[in-house]
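Here's the structure, in structure tokens; my notes come after.
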Amino acid sequence: MSKSTIPKPREKEFLPQRRRRQRETAIPWGGTVKSYAVAVVGPTGYAGAELVSRLLRHPRISDVVPVVRDGNAGRPLAELLPRLGGLALPECVPFSTELLRERSVGLVFLSTPPEVSLKLVPPLLEQGIRVVDLSAAFRLSSTEEFERWYGIAHRNGFTVNGNHAPRAVYGLPELHARKIADAQLVANPGCYPTSVLLALLPLRTAGWIDLDRGIVCDCKSGVSGAGKEPRLETHFVEVEGNFRAYNLFRHRHTPEILEQLGLEAESLIFTTHLLPVRRGILSSIYVWLRERRERQEVESLFRSYYSGKPMVRVLAGGRLPELQYVVETNFCDLGFALDAAGKRLVVVSCLDNLGKGAAGQAIQNMNLMLGFAEEEGLL
Amino acid sequence: MSKSTIPKPREKEFLPQRRRRQRETAIPWGGTVKSYAVAVVGPTGYAGAELVSRLLRHPRISDVVPVVRDGNAGRPLAELLPRLGGLALPECVPFSTELLRERSVGLVFLSTPPEVSLKLVPPLLEQGIRVVDLSAAFRLSSTEEFERWYGIAHRNGFTVNGNHAPRAVYGLPELHARKIADAQLVANPGCYPTSVLLALLPLRTAGWIDLDRGIVCDCKSGVSGAGKEPRLETHFVEVEGNFRAYNLFRHRHTPEILEQLGLEAESLIFTTHLLPVRRGILSSIYVWLRERRERQEVESLFRSYYSGKPMVRVLAGGRLPELQYVVETNFCDLGFALDAAGKRLVVVSCLDNLGKGAAGQAIQNMNLMLGFAEEEGLL
Amino acid sequence: MSKSTIPKPREKEFLPQRRRRQRETAIPWGGTVKSYAVAVVGPTGYAGAELVSRLLRHPRISDVVPVVRDGNAGRPLAELLPRLGGLALPECVPFSTELLRERSVGLVFLSTPPEVSLKLVPPLLEQGIRVVDLSAAFRLSSTEEFERWYGIAHRNGFTVNGNHAPRAVYGLPELHARKIADAQLVANPGCYPTSVLLALLPLRTAGWIDLDRGIVCDCKSGVSGAGKEPRLETHFVEVEGNFRAYNLFRHRHTPEILEQLGLEAESLIFTTHLLPVRRGILSSIYVWLRERRERQEVESLFRSYYSGKPMVRVLAGGRLPELQYVVETNFCDLGFALDAAGKRLVVVSCLDNLGKGAAGQAIQNMNLMLGFAEEEGLL
Amino acid sequence: MSKSTIPKPREKEFLPQRRRRQRETAIPWGGTVKSYAVAVVGPTGYAGAELVSRLLRHPRISDVVPVVRDGNAGRPLAELLPRLGGLALPECVPFSTELLRERSVGLVFLSTPPEVSLKLVPPLLEQGIRVVDLSAAFRLSSTEEFERWYGIAHRNGFTVNGNHAPRAVYGLPELHARKIADAQLVANPGCYPTSVLLALLPLRTAGWIDLDRGIVCDCKSGVSGAGKEPRLETHFVEVEGNFRAYNLFRHRHTPEILEQLGLEAESLIFTTHLLPVRRGILSSIYVWLRERRERQEVESLFRSYYSGKPMVRVLAGGRLPELQYVVETNFCDLGFALDAAGKRLVVVSCLDNLGKGAAGQAIQNMNLMLGFAEEEGLL
């Protein structure tokens, strides 16, 4: 992808009102409903539980079906997620496209490992059920690249009802809103890539970065990003009071960042660190600018790029974002500092890895797909 | 300071045995003692308490005099530092050079703000008492630079007993061991600079860094580095579960790093972040190499540079340091990762900001000044 | 208060529909509004910020006026509470009953120290503005007792418009819902008392406790309960990794607990501890039962007492509550364990000190006062 | 055990100097050594690593042999315990009594599960090697009671060299110092029991407690007490910001507490809670006194009971202990509060569960067994 093909922010990203209304009422197998039923496969992991919890409060969602792939089918969700006790909660069901049709489910969230998503997507699409996949299975345009980084064979070119499968849309709403609105399959971005891309896209699109000097993305994440599976690395005693870098030069989120920015590996260093906090990602991103800039110019560039994008907050007057202000929200906060010479720029990007970095972003994608307001249920 | 003047690591940095023995026995005002009495001014701050606690266990220190500059004189130290209860603890005394002489104190640690250190150093040196100053007062060779960054008038060119004051030695033992051994006044380095310098000195000395591309130092510190004074920024509720960058392009440790590396401001970005941990600094340092290198070459460079330096641990085989392994120690752990192309290098440097970053390093300096083994009382 | 006067849970605690509608539309100085305007005095403290944040999302509240008593009047709330950035936020105003009338404010929350609440309540009541006071100023029926525990002179018997002031209602909705609905002035309970009372009221009302053996209430709270004022006790370094008991036999919440339970001091020990967490209270409460009971009997007692009370969750089957399931909610979770002999009972009570322990409970009181559903805006 | 058999504190608990010297030099299979070799079975768990780390710094221990029971034999200890890197560290060896004899090991610490300890103790004793067992295998005098609480068959009445096995001594040095000195097998107490017993023994021995009212022991522990095995309960995300009670009325440390205090189950409630900290136990212990007492009387009772016991610190003047002052030490700190009526007493007991609650106490036992000063290597 050459620099000139970097997608530009659109001025008109929302669908016209008429079309939105239609989509709202049409469900894949005919008939009409007033509000929407959705399903979440994998509702007990950290991202899945966040999805369920937010969807239950979403004003346009009438029904949330938790789909489990283990022995928990039939159990009430409140037993698995005690925090939600006291709400009217659905029962877990096993995975079955018939059952999803019966429950009038038009959109499914997959909060599953990539190998599972690869298996579940085709039957869902064949039933005309739209999918937001939170795994990495469909994020990269090159299946070879996917197989190299993830070590999983991709169903390259799988077919849906005898036809070639639709290409997944990379679900970063600030970049691809229009395509997401029409997509059958949305690949929800990784948490780190979301924080890095939102910080770099305005600068990259404007061509301000001195690529000969290179970009450094130093990213730090809370522990929920590592998943719920108990391992020594996530044992409280090993994390509390600790801090460490990990997976240097081999983090799987690397190719996703490079593809969306249209950059070669050599021009960027992306590193990840484990913070002793439950939730949140803060990325410190370093660039040298091609030309001297004033602080106000940088702020204007960001403001203009994110104008009309409700989930990105550009902080004013040199203020810097903090994890505490984005945790449990769907915002990505951006702040920056420019040196006196106007050449060295640090952009600080903050989000909740389970919010804008996973479940919140997935709902934002759903809102676009179903023609709701982009921020509906996310404030 | 041009690049060619970067100090090289010496092969023989320890004093010969004979001289060491002499120094051990000589105290400034004549007489001989078997072991040493030292004083700590400011024993109740986080660094001061750490100093006292470590000195009380030091096998060559017979007497630790806690010197206070407030209403606490006369109180037993255990009341101020309950953790030390149960040990035989000295009483706090007010600052007085006569009293220090009476107690046979030959070396004083100043764990005080720079404006206080500037005031206390001259009378101590006039009495022939050697000083390790933990503040920034004497770290920079240029007093103008000090005044610009700290906003405090420096006693530029103060005199001691009618003569020009001796120049302070920058107390990084891995760089200046010989000078430290002979110094009257040692300026203990900042915590961040220690972690950055130990990561970069081998590469800088060897000339491996592509300075045209720039160096990025992304540093993260625990909260004890911010001092004991209660402020909203250090309130538990504002720190726990939080993470943030601060003082971008205006952290006072910047000039100290540039001076010791012999670099201009433009070629380096140094940033600081606040970790929700009590102790520890982890610095992630990014350089592009001038020539392609193998991982083994990088490891050899570091091993060779730190050969015979007991307080730096170079991790083998791609292992990366973690805060948990250095906290409450005096070690600085170094690890690194090199990309497949052998050009992008990340060095990770870890230390305890109260250990190697303050009190431990001060004792290491004392050990050199008094002719003890460099690591005495520090393992 | 003898045992027989312990208030019983009412079966019909909500106002009839007609009356509710009337209250909704009437504002003190005449006129009608569709939805309600409220004000929060002290919006930047931890409880105040929680109030504002929850009220902004409350479906029946149209307008939230932040009232400050310092130099912050005129500043937008988002500057003081960055977490709320991105929402449409009101500007801070100074305290003025005229201004509150102009803004059609019918109810004011006081998130202020007791001495300030004592001063602000009379002018508000005189304007016919109803008050939920989060301080301790009006919680005790005996002003002597208040003065003894708080060391503040109470405006005993203040007058409102020439008449004797109305008696404040103790705002524990599970105990006094009907009185709260009609109250002009509600004293929002302390966080610890809420957790203790909800655990003990069913047992106390039923007369099951062997009072000759005594009750032990061992309570642990997160740090936000200590307020936002920076002090050494709340410094991150002093709290993180630490745990301690404090104010034994002299915590100010003691008389409030005794009064509501109708107990003498000798029959109960109430202690408080500081947890290294931001939010949440867990109270472990120990009683010896007068008669041997089965586990199922205890569970039934609690279920029956809290039937129709939406904000108390009685856990089934021996499950125990955890802070993580109540933090950021308005629930109080209750669980218990009974020994094999059926005599020794431990009740564990969990809530968010800023939720059910302060701001959430204040909104629950407001809901009752304004005739909304008790849990409106709280799920 | 009836009340009258409660062991009284001895006035002379240390062995006379001559005998101490002899024991120091005698090793089981003859010969003499100047200093001691010991082994640690299970050196990589949290308690085992703490043992190794402290023993390596112990001035009287010349050799620490780490014994592993898995694939780690032959690996240098520094690989398994990176924190110890930089020290001269021994290599791990497999379990073998021959090898222990070859290495002149006279005393072995078992930091192993009870079922493993039950298996390893007989062969060690047969070789004349003394054992400090950190598991619960030998803490209870009744093997039936052990089997009931632990669900493990006990080798009731195992033989050593054809003779009946020696009875293990309960290794609480403040209670059984003399017996420990002569013991072949010491059962190191549980962490919770140590904290509870040290708080209650003075009161129980003096007969001050009103047992008719009952005792409540509300205990809170850090996560390292739960072991290093990763489980969902110890996952960082499940612990951080959380707090909960667990194992009510069925914690395995219960019978140990009752036996050492000579109490029936009905007169005491013992509960345990999980603190979001790595290390430390704080127990809040509630008793009603039989007679009215003054604060000074209580303090005197404790001071007198712990006179000459270097590892218990009785806090003066109403000060209360805190975790932060005991973590990483071998102290147990005791403080208390008495109500104005002199009848309700709260004793607060604090220790490091890996220090005085496990590894430190084991070394204290070793010191007594080998005739060293009780606190040697522990300050």
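To keep things simple, chains are lettered A, B, C and D as they appear, and every chain counts its residues starting from 1.
Just so we're on the same page, contacts are C-beta pairs under 8 Å (C-beta built on N, C-alpha and C of every residue); 3 or more make two chains touch, one makes a residue touch a chain.
As the structure is a prediction and not an experimental result, all values here were calculated from the model.
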item	value
Least step count from chain B to chain D, where 1 means the two chains touch	1
Interface residue identity across copies chain A, chain D - same or different by half	same
Between C-D and A-C, the pair joined by more C-beta contacts	C-D
Label of the chain whose CA centroid is most distant from the centroid of chain A	D
Euclidean distance of C-alpha centroids - chain C vs chain D, Å	43
Distance between the centres, which are taken as Cα means, of chain D and chain A, whole angstrom	50
Length of the line joining the C-alpha centres of chain A and chain C, rounded to whole Å	38
Junction residues of chain C, two or more chains touched	240-241, 276-278, 322, 324
Chain D - residues contacting chain C, complex	212-214, 216, 218, 220, 238, 241-246, 248-249, 265-266, 269, 271, 273, 275-280, 282, 284, 286, 288, 320-324, 327, 337-341, 343-344, 346, 348
Partner chain B, residues of chain D touching it in the complex	57, 82-83, 85-87, 240-241, 310, 313, 315, 319, 322, 324-326, 328-329, 331, 333, 379
Touching residues on chain D, where the partner in the complex is chain A	46, 223-224, 228, 230-232, 234-237, 239-241, 276-278
